[in-house]
Amino acid sequence: GCGGGSEQTSSSSSGAAAPSKKVALVIAQGGLGDESYNDLANAGFTAATKEKGLDGQHIESKDVVAQGEQLLRRAGTSGFGLVIDLEFSHGEILPTVAQAYPQVKWVFLNNKIKGDNIASVLFSEQDSSYLAGALAAMMTTQTGNPKINPDKKIGVIGGTKSVGIDKFLSGYIEGAHAVDKDVQVLTAYSNSFGDPTKGAQLADTMFQQGADIVYAVAGGTGAGVIQSAQKNKRYAIGVDDNQDKLAPGYVLTSVLKRTDLAVQKVVDLYADGKFPGGQTIGLGLAEDGVGLTDFQYTKQDIPQPVQDKVADLKKKIMSGELKVWNVIDQGYPAWLQG
Amino acid sequence: MPVRLGARDVSRAFGSVRANAHVDLTVEAGTVHAVVGENGAGKTTLMRILYGLDQPDSGTVVIDDHPVRLRGPADGIRRGIGLVRQELAMIDSLTLLENLVLGAEPRSGPRISWSAARASAVDLAAGFGISLPWDSPAGSVSVSVRQQVEILRALRRGADVLILDEPTAALAPAQVTELLRLLRGLRDAGRTVIFISHKLDEVLSVADTITVLRQGKVITTVPADSVTRPELVSLVVGAPLEAEGYSPSADVGPPVLEVADVISLRVHAGEIVGIAAVAGNGQDELVERIVGLRPCTGRITLSGKDITGLPVDRRRSAGLGYVSGERRTEGLSLDASLADNTIAGTHRTLGRFGWLAPGRVRAHVQRVLDGYSVRYGRTSAPARTLSGGNQQRLVIGRELDRGPTLLVAAGPTRGVDVLGEAYIHARLKELRDNGSGVLLVSEQLDELLTLSDRVVVLHQGEVAGEVPGGPENRTAVGNLMLGRQP
Amino acid sequence: MNTSPDSAVEPARRALPVGAVLRPVLPFLVALVIGAVVLLATGHDPLDFYQLLVREAFGGTDRIAATLSSATPLLFTGLATAIAFRAGVFNVGVEGGFLLSGLVTATVAVHVSGPLVVPVAMLAGAAAGVLVSVGPGWLRARWGVDEVVTTLMVNFVVTGVTGWLVTSFLQARGVANAATPLIARSAWLPDLLPPDNLTSGVLIGLGLAVTYAVWIRHSVLGYELRQTGLNQRFAAAQGIRVGKVIVVAMVISGAIAGLGGAAHALGVVHRYVDGFSPGYGFTGIAVALLGRNSAVGVVIGAVLFGALASAGTTAQLFSDIPLDIVNVLSGTVMVFAVVRLWRRR
Amino acid sequence: MIHSALLLWTPLALAALGGMLHRIAGVVNIGLEGQMLGGALVGALVSGVTQNWVLGVLAAGAAGAALGLVMSLCITRLHANEIIAGLGFTIVITGLTRYLLRDVFHVSGTLRVAGLDPLPGMLGVDPLFWLAVALVPAITWALRHTAAGLRLRATGDGFDAAGALGLPTRRIRDVAGVIAGVLAGFAGAHLVLGQVGLFNENMVAGRGFIALAAFYFGRSRPWATALACLLFAVFDEAQARLQTAGVPAQLVQTLPYLVVIAVLTATAVRDARGKAGRTG
């Protein structure tokens, strides 16, 4: 059969010719403007294609679920050399389409897809969220800090109730409980990724209920959470991108998910003729694909022992000593209802 | 004499129908000018044009001897013209006072001065010797009161030409007398009135001048005191018409309808029972209970069969026919085609297995429309395009064609011209003579008395008395209707 | 609600011939002009872009298949809306029926096996659609509760409930968004033109359209439905059981919406997942109005909106113009779909 | 808690009162959502450029007015169906907003306007809150005691009858549509200038539809409509608490909609009982 050397197999059809300059990025549901996943990936895509002199197109669709197959096929017949698909729900379609268009390289994010001309990218968001939870749980007892109250309460706000989001929430809660069983984690969902008003309102409520650190996993809604933290003189935790600078001193840290890095990396590899077909790129703490920011504005608020403990946990996860629950593979854990 | 309002060579066509063809009309100031003509002759169309609600295809409106162009009713109102239409222009949710001042509110700044409004309303009404419940919503008062408010509204807005399109069609005799008195008062005060009615007696009693329209054209204009009723009839119809006589039933059979409720009532086979009542005295509710449009606490039997709890369709298949008094909203579906209107109620019998048979539908529609001389263009045209009288013919035809054992007919000749009226009366009698029962509800005492074998009078929702038919019982019925002794 | 039935339900009316020709084309012309203004104002060439759209919509078997594929759900939702309109009921809840049916169909198809899985799953989907529409229908028929608001609200309720059901009970492992497990291949509706994914769902939709055309004109119930829609009081007085007709119309409307969701689940998406419907129900309203509630009109309307959707997406492979211009176009078509530009006298 | 409920109440009440006036004139305005979005964008931009919140609010109102006028003209002059015009306009405005953000401002989703001047506090709340509060009795009074109010009611309840009296009914509806647009624009301005200080293309998030539900709920009466908005605002506020108490989020979010259905049903049943009228 055809072995792992996917590089040769797929490029053999087009001979030694240079790879096509046309590359495409299929935007996932929520579309551009989600201030997180899609926007970040697109930023990485734009940067990489520009740098490598490629002709990059991003494609949005109102109906990306149902139009998935025709869209991918259309890309396959239109001379594109690389297609990166951000949409979760295309996992089952992609192998068939990839097989039908062997001369095209395909990339899928967030799931492992088999195929010689497909590269998969996986993130370990649960790991970085775990660290954020641990950090928050330790910080909520630092009563010397004026932004911290005596209650052992922290909060987290999800964009919508779904496994993709609950992967973050679960890690956060697990991390918090790992360092202090008594910390209570308030959870809520905003039902939207672009409703800062709602984010501010939910965060206000959590702060009133005694939480002092609220983690927002809700794209554009998070802007309201950060604003609320600033207004209430409490902490927010940002997500995806480094949001620490949006309200310096009030964003404790941001939980990075470097979709931009991932996309940039595959585009670079493609342009250099080293497309990792058939392989899975894992982006975890070790690869700096996920992680926490380096506390640019909050370093002085976080006691050294706390920073040490976070670093220690990070090491344990990277070494495999500590395994954080992954909702996507393992289903819902006891600490978070489905 | 100056022409206060008139038309010069006005034509208006709707598709192939020429509603007005080269109409010349001259209404002199300070007169009551009647416009008469058969159904579809073009009276309403002409009035709408004179008021500015519709524009002529050619020709002009003349006001105070000058040709004018009216772009909308606001133009007509500004030039002192008021129209009280066949369908009254009252807003049900507003109070009578609000309806009265609407569009010409007495103001101080943006604020309406309600005390000034009320004072002027009371004054205005007092001038005609009436007093009205000004704070009641218009939806809750009788047609006659609404009509009075409409007239007062037109006057209040400075109308000194008042156009009334069939104002008496829905009024009881006492109210008609009242209205005619009011119109004469207006004329005597120097105003001008255009009056449309199919009741030629009313026309002769109130008008100074009469214009006769036929098929969109002016046939003649005559001084009212120069014609007799039979002459006027033959002008309108184009031929003389025999006067109807009273011919009571020859053969009364077993009861076909028995109502035992607040109102108790019985109609026998071969009998026409009239219901006389001033509007709002329970006749509408009675009809709706019999037809099945309103729940009933008592008991109703049709040909001996208890139909109290049955829905409308089951009552109809048990032999009930219904001519609604609300032609435009209940008797017809104005936006549906003539064919669809004609088969309504019988549609279930015109096919099988749940499908309509096109051939049978077509045959049925032809038979009804032709059999009852409905004047129409195409059977696929909406019923809205028929003139009022032809609409009524369609309804009558549809219901009589079913051969009902009991026909409930509310205002069956409302808005119908003299010829049509005679025709419908003949059909009702024919139905009776063939052994069916008829329950006839009408505001028109003459009609009730000439047709009915018995007249049951309702007052305040109860039976006030029963009187035999025949023109000689007019006063008795009239008194009972007003709650007096016969 | 005061939506005059006159504009929601088309009466038998004499239309000027000019109007008859202009009517379906005009909304698109207006939309194209407005789109051109936006494009020109932002420095793009509208003609190039429109050419691209036409090519992507109809330029080849694969593109026509894509257009028809995008039109298929709209065919169902358009018909579902039209039939309710005809009875004088403004059913804004077709979206909800489509969604709930998608979830129910997908779940049944995953858990049932055997040769009858497709019909059983479709029936379950139709039943789910009925479940959504029958409540508002009954409330309207029995108590006169305004159906525009209740059906609109029911959509939001269905969205919440389906989301909850999926994440709480039906979530598939290993998928990153709220989704049920994939339906087994044996329960998929077959494709018509492989490899282009045009499913046989489009045939079901067309079949329903033809049935609707004949039924509304020539059946007794269709007659009663039309009369109820044009004038309820008249219908009641002539012995048509108006309440029953309204409920029946809403049941049929819901069933068609449900069949649409079922065909979409079994034929296209093969599961229920976030984003199952991008608002097919709402576009369906525009389709119904554009088609003046007639079967032929609905088919044409569905194809036109389907073309906009599929062409708008793939056009981005060849142009830098943001997809949102297509929303501007389809929104404008919606607004002008029901506009009357000539005077009625 | 009360403070944040009032913050939520303001945009709902402004939009709902506007929609209510339009409803009284006989048009169901489903376009409030889009008009709010347009107002929010313009309000954010103008407030940023001029660094003056008053101009921002006025510009938002003007944007809403323009959108309201165009929509109303489509309905009154071109006989567009009001429901579909509302939905269509919302789609167009949303599409246009997104298009402009991407093609002109080169951002997607969130627009942070430099120098944006937020609403100042007045007696602890913002000026638009006080405007909304003042509008409730003002509208109540105007509907009853001014010619404009009477004509508005007449146009809504008897369009043909009012027209036959010579009232410019279509123009009256247009004016109502413009007022609804202005108030929806203000509501949008409140979302950006009164709450979070930035613009997001999804930030209206169904509030226009809640406003619609509110004036239905309030049966086109100003006080009842304002109270309905308060109810929804408190509901929204309570949602957060219910969620943190462990009730499934998706179910909590359906509650306001279920309440609207329940209330509509209850009032319809009461009306029907009261009339005990014809059956059909």
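A, B, C and D label the chains in the order they appear, each numbered from 1.
Here, a residue touches a chain if its C-beta (ideal position, glycine included) is under 8 Å from a C-beta of that chain, and two chains touch if they have at least 3 such contacts.
Since the model is a prediction, treat every value here as computed from it, not as a measurement.
S.K.: In terms of CA centroid distance, which chain is the most far removed from chain B?
M.R.: A
S.K.: If you average the Cα atoms of chain B and of chain D to get two centres, how far apart are those centres in Å?
M.R.: Taking the average C-alpha coordinate of chain B and of chain D, the gap between them is 45 Å.
S.K.: Taking each chain's centre as its mean C-alpha position, how far apart are chain A and chain C in Å?
M.R.: Centre separation, chain A to chain C: 35 Å.
S.K.: Can you give the whole-Å distance between the Cα centres of chain A and chain B?
M.R.: 75
S.K.: What residues in chain B touch two or more of the other chains?
M.R.: If we look for residues of chain B contacting two or more partner chains, we find 293.
S.K.: Multi-chain contacts only, two chains or more: what residues does chain C have there?
M.R.: Counting only residues that touch two or more other chains, chain C contributes 163-164, 167-168, 233, 236, 322, 326-327.
S.K.: Which positions in chain A are in touch with at least two other chains?
M.R.: Counting only residues that touch two or more other chains, chain A contributes 161, 337.
S.K.: All pairs of touching chains, please: list them by chain label.
M.R.: A-C, A-D, B-C, B-D, C-D
S.K.: Can you name the residues of chain D that touch chain A in the complex?
M.R.: Result: residues 1, 4, 7-8, 98, 101-102, 107-110, 191, 195-198, 200-203, 205, 236-237, 240-241, 243-244, 246, 248-250, 253 of chain D touch chain A.
S.K.: Which bits of chain D are touching chain C when the two form their complex?
M.R.: 23, 26-28, 71, 74, 78-85, 87-96, 98-100, 102-104, 156, 206, 209, 212-213, 216, 248, 250-251, 253-254, 257-258, 260-261, 264-265, 268-269, 271-272, 278, 280
S.K.: Using the touch definition from the top, list the residues of chain A that touch chain D in their complex.
M.R.: Spelled out, the residues of chain A in touch with chain D are 31-35, 39, 42, 155, 161, 186-189, 191-202, 204-206, 208-209, 219-220, 223-224, 227, 337.
S.K.: What part of chain A is in contact with chain C in the complex they form?
M.R.: On the chain A side, the touching residues are 24, 29, 57-67, 69-71, 73-75, 77-78, 80, 88-89, 91-92, 100, 110-111, 160-164, 166-167, 328-332, 337-338.
S.K.: Under the definition above, what is the set of chain C residues touching chain D in their complex?
M.R.: Contacts found on chain C: 1-3, 7-8, 38, 42, 90, 92, 139, 143-146, 148-150, 152-154, 156-157, 159-161, 163-164, 167-168, 232-233, 236, 242-243, 282, 285-286, 289, 321-322, 324-328, 330-341.
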